[in-house]
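Next come two complexes built around chain A: one with chain B, the other with chain C.
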Partner chain A sequence: MTDSFIVSVRDLTIGATTDSGRKVQIIKGVSFDIAPGEIVALIGESGSGKTTIALSLMGHTRPGCAITGGRILMQGHDVTAMDEKARSGLRGTAVSYVPQSAAAAFNPSQRILQQVIEISTIHKLMPRAQAERKAVELFRALALPGPETIGNRFPHQVSGGQLQRLSAAMALIGDPQLVIFDEPTTALDVTTQIEVLRAFKSVMKKSGAAGVYVSHDLAVVAQIADRIIVLKGGEIQEEGTAQQILHAPVHPYTRQLVAAFAPVPHSLAQIERQAHEKPILQVEGLFVGYGPMSGGEPHVKILKDVNFRLERGRNLGVIGESGSGKSTLARAIAGIVPAYRGNMLLDGQELHPALAERSKEELRRAQIVFQLADTALNPAQSIGTILGRPLTFYKGTAGAAREARVIELLDMVRLPAGLRHRLPGELSGGQKQRVNLARALAAEPELILCDEITSALDTVVAAAILDLLKELQRALSLSYMFISHDLSTVEAICDDVLVMYKGEVVEALPAAQMSRQAEHPYSKLLISSVPQLDTGWLAGLEQDPELVAAFSRR
Partner chain B sequence: MPASLNLYALIAQRLGIALITLVIVSFAVFFATELLPGDVAQILLGQAATPQAVAGLREAMGLNQPAIYRFLHWLVGLASGDLGISYVNNMPVAKLIGDRLVNSLKLAGVTTLFAVPIALGLGIGAAMWRGSIFDRVVSMLTISVISVPEFMVATLAVLIFAVWLGWLPALSYGADVSSWATVLRAYAMPVITLGFVISAQMIRMTRAAVIETINTSYVEMALLKGASRRRMVLRHALPNALGPIANAVALSLSYLVGGVIIVETIFNYPGVAKLMVDAVSTRDLPLIQSCAMIFCVSHLTLITLADLIAILANPRLRHR
Partner chain C sequence: MTPDRVSFRLPTPRGLGYSFNRVGRIGLAVILFWAVVAVFGTWLTPYPVGKIVDSDYFSPMSGSFWMGSDYLGRDMLSRIIMGAHYTVGIALTSVTLACTAGVIFGMIAAVIGGWFDTILSRLLDAFNGIPSLLFGLVVVAAVGSSIPVLVLTLATIYAPGAYRFARALAVNVNTMDFVTVARARGERTPYLILHEILPNILGPVLADLGLRFVFIVLVLSGLSFLGLGVQPPNADWGALVRENIEGLSLGAPAVIFPSIAIASLTISVNMFIDNLPTRIRDRSE
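Up next, the complex of A and B:
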C-alpha cells in the first residue's frame, strides 16, 4: 500500500532537549502520506512543528532535537533507520530543500552556479558541463533574467526574489522526487512573492516532483498546494484538500485560522471631539536621511517631501514594501532619526526634529512601539521594572503607587498582575508584544506610533493584538499611526492609508476603499498583489508586466 | 554603494592607517626611552668622571639639543635605514642587531612552520567534530597550556629532555648544525616551548571562528544537499572564517618576535629580545629604540597583513 506514495510518515515523534536540560516532545505522533506529483502544505503558527517535520523527511533535525519514534518511509526506505551516510546519499537526489531565506542559505564566498550544481558534484550525477547546461535551463524555466550569465555572479549581487528562485534551481538540479519548500516567500515583498510563486508552480508542474510546502500563510498555500495539513503544537489538527480546508474547515482551530483572514470592517472610533480641534499630528514637507551631512543634506536621503495630517481619534496606516521608508517615517516623528527639513506639529505645537531637544511633555505625548518586543524589552529586567521606569520618568510615580499603576497597565493589555515579577524571556511572543504596548501606555500618550507590531506574530495572536488596540483606543482616546507591510492588518485598524514608494508618499487613500479608489499605478500593483484566500487567485491574477517590471526592483 | 567601500580605497586606507600608527609608535618609543632615569654621559664615563668631562661628552653626543629635534633626526635616520651608533661600543646599531635579528627570525620561522599548520589543523578538526572526544581533549589541552606560564614549560622541557633523558641539547645556540637532524635537535626545545604558547590561542580562535560559520544557514544548506561533514567544513565554513583566523594567527605570531625574551634567556639564545634587555642595563638608547621599533614594525606588519587578508576574503568587497 505504501509503495504508491513517495513518502509515508507513521507516528513520527521528535524530542528536543531544552537549554535547561529538560526533555520535551515537539512532534507528538504525526502520520501522513504524499503521493507522486502532489504538493502538500504544512501550515501552522510558529512552534507548531511544521519546519521540524519537513526537515525530518530529509533525516535531519536541528541541533538539540532527535527523532524519538515512528517511521518515515521514503520510497520504501526507512529514513529513521538509516545512518548519516545513507541519509546524505538521499539528500539532494531523492529529496531536496528550498530554504526560507535564500539570502542566508547561499554561501557568500562562492559563485551561484557552483552552488546550484553542487548536488550533482557531491553525488556524481553528471559531468560538470552537463550540470551547468541543466542549471541554465532551470534558470530559464524559473524566468530568471540573463539565465546564461546569472550563475557567474555572487549571491550578494542578485536580488532576494532572484536568490529565492535560484535556490529552487539548486533544489531541482538532482531531479528529486520530493522538494521541501520551507516558507520560501515569507521574507519577500508581496509583489516579488507573486513572481516567485508563479515560477515555483510552473517549474514543479514541469518536473512532476512532489512537494511539501511549509508556511504560516494560508492565502499563499492556497495558490500552490493540492492538500493542506493543519498543525498545532506538534499534532495534526485537520487534513484535507485545499478547497475543503479553505471553504469548509471542520476543526475549530482551522476555522480560527480562516476567520483571521476574513476582512474585518473597521468603524471610526467614537471619541468626543471638540470643535475646531487641531490634528494630533501634522507633517509638512518632511525630508529625512542618514549619514554625514554636507551642505545641510545627509549622504543617504530616505524620505522626500512627506506631507500628511492625522486627526485626533483617527488611525493612519502607512504601507509600502521593504525599503520604502515607512519605518524611517515613524523614527523621524519619534525623533530617533532627526529630519533635516520640514515641520512636524503635535497637536498644533512644533516638534523639534531631534529627540534630545524635545521636552519631557512632548516625549510623553507621542510614544513608539517597535516591531520586535524581543529586542525592545531589556531581558535582564522584570516586567514590573520595565513598566515602572516610564512611570517614574514621566510622572515621578514611585513605591506603592507605581506598583498599583503597573498592575493597572498589565490589566489594560489583558495580562495577569502576577506577570510583573517575570522576565521577558519567560513570556510568549504575544505576551511580550502586549508588555511592549503597555510600556508605551505607561506614558499616557495621545499618539502611538506602531512600527510593524504584528508582523512577527502568528495570525491568531496578531488578530487579538489588533482587537486590543481598538479597545484601548476607545478607552483612552488614542490615535495610532500604524506602519505595516500587511495590507489586511492596516485595513482592519486604520481609517486612512498612505502608500509609500522609495521614500515618497505616492497616494493617500481611505482604508475601507483602498482597492477601489487607488489610482496611482504602484498602489494598484501593491494592493492587487496581496494573496487572496482563493485557490484560483494566482492563476486568474492579471498584472501589467511592464508595471511589475517598473516597480519591483529586480 | 558609497565610494568608501571600493576595494582599492579600502586597502589604501588600511595601509595609510598602518603608516600613521607607525609614526605615532616611533614617537612613543623615542620619548618613552627619553624618560629612562640616568644620564648616558654620566654612566659611560663612570664614577670618576669630572663634571667638565660629562658636559663635554653630552655636547659631543648631541644630547643638549632639544628632544623634538633629536626625534626628527632619528626618524629621518630610521627612514633611510640608518639606525644610529651604539652609545656603548660605538658600533653601528644595524650591525649589532643584524645577526641577532637573523637568529630571532630563524627561531620564529621554524616555530611558525610547525605551529601554524598544526594549530590550524587541530582547531579546524575540533570544530569539525565538535563535542567529540577529540574536540574535548584538544580543548582541555589548550586551556591547560594557556594557564601554564612559558618559563614553566621551558624549564620542564630542559629538565625532562636535556637533563633526565639527555635526548636534546640544553643550549640551542652554538650546537652542532652540520646536518638537518642536528639542526632539528638544536631547535626542538625552544620551538616546542614557543609552539605551545602560540598554538593554544590559535587553536581556540580557529575553532571558535569555524564553529560560528558552521552554525550559519548556508552550511546547513550544504548538509541538506548531501555534503559530507568534511565538505561542509572545508568548502563552506572555512573560506568564510578566513578573516578571524588570519587575525588570530597574526596576533600569535607577532608574539614570536618580541615576546620570546624568557625563552631566549632560558635557552641562552642570542636573539633580539635578549639584546634589548642587555641594552637597557647599559642605557644604550639607540639600541633600545631600534629593538623596540623592530618589535613594533613586525607586530604592525602582521596585523595589517591579517586585515588585508580579511578584506580580500570578503566576496562582497572583491566582487561588487
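Up next, the complex of A and C:
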C-alpha cells in the first residue's frame, strides 16, 4: 500500500530520558508520506522537532534520544527495525543529508573533491575516476564557478554559498532517492541565498530525487517545496500544498506563522522627548581596524568614516552582508575593538575607545547582544548564574533578591522559571537567544546593541521578540541599534536604517520608505533579494547580472 | 494517621541534587581508602617497618605475612602501609601544587596576553628543557632531603608542563563570545579566569592531573632509588617496586603488591576525575 511512496512515516514517536530519570517525548506520533520527486518542507519554530524528524529518516537520533514507537518505511524497508550496519548501508545511497553549516561539515584539511566523492568510495559505487567525473557534472549543475578545478581547493578557499552547494553535491553523488536539507540557507546572506536556492531547485529537478527541506523561514520554503508540513511541539499542525498553506492556512498556528512573516511597519515609539535632549549615541568619523599599528593606522582597516546619530527612544537599523563591517561597528561602540580615530558620544558624554578605560556605569548603559547564542553563553554555567552575574556585578544584588530578579528576567523573555537550573547546551537555539537577550536586560541598559539577534529564530518567535523589544522600549525608554541582514526585521523595529558595504555607510534611509527611497545600487540589490511569501517569487525574480556580479561575492 | 516522625536519612548525592555514577563512586572509595591508610598507617602496621622479621626472603603469602616478605625478609604489608603515607602524601600534594600553580598562571597568561604571556611562556619553556631527575638531584643534593623539599621540588618540575597545557586550552576558550561578553561587561581578570574559563577547561585539566600524578610517583621512586628521596628504612611505593625488582623472576608477591597499590591509586584517581558528580539540572518545580 505504501509502494508509491519513497518514505512513509507512521505514528513516529521519539523520546529521551533526562538526568533525573524523567522521560520526555520529543516527537508525539507523526505520520506523513513522501512521493518520488516531491520536495516536502518541515517548518516550525525551534524545538518543534523538525530536525529530529528529518534525522530519524536516516535512522539517526541525537545522543540521548531514541525512537520509541512507530515505523519509518524507506522504499518498503523498515528503518526503525534495522541494525546500525544496515542503516549505514542506507545512508548516502538511499538517503543523504545536507547540513545547516557546510563550513562545519567539511574537513578543513582535505581537498573538497575527495570529500565529495567519499560516499561512492565508502559504498564502493563506482571507480574513482567515474566518481570524479560525476562530481564535476554536479558542480556544473549547481552553477559553481570553475567546476573542473573547484574540487582541488580546500574548504576555506571557497565562499560560504559555494560550500553549501558543494555539500549538496556531496549529498547527491550516491544518487539518493531522498535528500534531507537541514536549514541549508539559514546562515547565508540574502543575495547568496538566491543563488543557492536556484541551484538546489534545478539540481533536484534534474536528479528526480525527493527532498525533505527543514526550515523556519516560510518564504524560503515557499520557493522550493511542493508540500509543507507545519510542526509545533512534536506534532503536525497542518499539512498541505505550498499554495494552500501560504494563501489559505486553516490551522490557527499556521495563520500565526504566515501573519508573523508580513512586516509590521514600525510606528514611532511614543516617548516624550524634549527637543534639546542629547542623542543617546552619536558617532563621528569612526575608523576601526585590526592588526599592528603603523603611523597611527592599523594594518587591516575595516570601518571607514562612519557617522550617525541615534536619538533617545529611537531605533537604528544597520543592514549589509557578512563582511560589510556591521558587527565590527557594534563591537567598536562596545569598546571590544577600539576605534583608532573618531568620536563616540553616549548621551553627550565622550566614550573612550578602549573598554578598559570606560567606567562601570558607562558599560552598564550600553549592552551588546551577540548573534550566536551558542557561543555567547558559557556552556559550564547554569542559566541562573549567567543571568545573575550582571545583577551582582552592576548592582550588588545577591541571594533571594537575585533569584527573584532572574525569574522575572526569564519571564520577560517568556521562558519558564525552571529553566534557570539548566545549562545552555540543554536549551534550543531560540531559548538560548532569549537568555542572551535577558542577560543584556539584566543590566538595565539605555542602549542595546543587537547583533543579528533574531537571525537564528523562527518567524513567530522573532516576531514575539520584536514585540517584546518594543514593549521594553516603551517601559524602560530603551534605544536599540539593530544589526541584521533580515530587512523585514529591520523594517519592523527601526526608525532609520544605515546600509553598509565594505566598511562604509553607503546610504542612510528612513526605515518605512526603505524600498522606495533607496538610490544606491547596492541598497536596491539587497532589498530586492529578500524572499517574498510567494511560490513564484524566485522564478520571477530578475536582477541585473552586472549589479549582482559587482556587489556580491558568490 | 501517624504522628510526625523524625525522618533520618543520610545525605545521598541525589538528595543533594547531584548525580554521581558508579565508576566515579568506586574511584572515590579507593582514594578514600588509601587516604585513611596514609593517615592512620602508623598504627596499622603488623610489624615494625624496618625490622627483619622473616627467616626467608621473597617469601610467598602466608598467614603471618599477608603479602609475603621483601628482599631482606621484612613484612611487605607493613611496608606498603607505610609507603602509602609517603606516596599519597608527597605525590598528591606536589601534583596538586604543580597543577594549581600551572593552571592559574596558564589562564592568566591566556587572558592577559601580550608581554606577560610571552615572558612567562619563554621562561617556563626554558625550564622545561632541564631534565626533571637531574634537577631534582641537584636541588635535593644541595638543600638536603626532607619531605617539604621533595614536595616543592616535584611541584616545580611539573608546574611548567601544567602551565603549557592549561594555557593552550585557555587560549581557545578565551576567544569565545561569552568571554567577550564578560569583558564588555567590565569583568576583571580573576572573575574571567575562575568563572568563565576554568569551568570550561576543568575536564582536560583534571585528566592531565591524573597523568602527572603517575609521573610524580615515578620520579619520586627514582629519587628514592638514588638515595635522595624517602630515606631508608622508609620507602614510597615506587621505591618498594624498585628494591624488590629481582623478586620478579621468583614470582614474589613483594614486587606485585606495591605495583597493585600504585595501579589502584592512579587508576582510581583517573576514574574519579572522569566521573565527577554532576549537578542534576532537570528539576521539577
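Note that in this section the second predicted complex is superposed on the first by the 435 of 554 C-alpha atoms of A that agree within 3 Å, B and C clash if a C-alpha of one lies under 4 Å from a C-alpha of the other, contacts with A are read in each partner's own complex, and residues count from 1 in each chain.
Heads up, the rule we're going with is that contacts are C-beta pairs under 8 Å (C-beta built on N, C-alpha and C of every residue); 3 or more make two chains touch, one makes a residue touch a chain.
Given the structure is predicted, the values throughout are model-derived calculations rather than measurements.
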Going by the contact rule set out at the top, does A:T375 touch chain B (first), chain C (second), both, or neither? second
Chain B versus chain C as contact partner of A:A66, first or second or both or neither: neither
Scan A:T18 for contacts with chain B and chain C and give back first, second, both or neither. second
A:M126 contacts which: chain B (first), chain C (second), both, neither? neither
In the superposed arrangement, does A:P390 touch chain B (first), chain C (second), both or neither? second
With the two complexes superposed on chain A, say which partner A:L476 touches: chain B (first), chain C (second), both, or neither. neither
Regarding the shared-chain residue A:M82, is it in contact with chain B (first), chain C (second), both, or neither? neither
Chain B and chain C footprints on chain A meet at residues none
Name, in rising order, each residue of chain A that touches chain C in their complex. 18-20, 22, 334-336, 355, 358, 360, 363, 367-368, 370, 372, 375-382, 389-390, 393-394, 417-418, 421-423, 426, 439, 443
List of chain A residues in touch with chain B within their complex: 55, 58, 60, 88-93, 96-97, 99, 101, 104-110, 118-119, 122-123, 153-154, 156-157, 170, 299
State the interface residues of chain C toward chain A in the complex, per the touch definition above. 19, 176-178, 180-187, 195-196, 199-200, 202, 278-285
Quick one: which bits of chain B touch chain A in the complex? Just the residue numbers, please. 2, 216-228, 231, 235-236, 239-240, 313, 315-316, 319-320
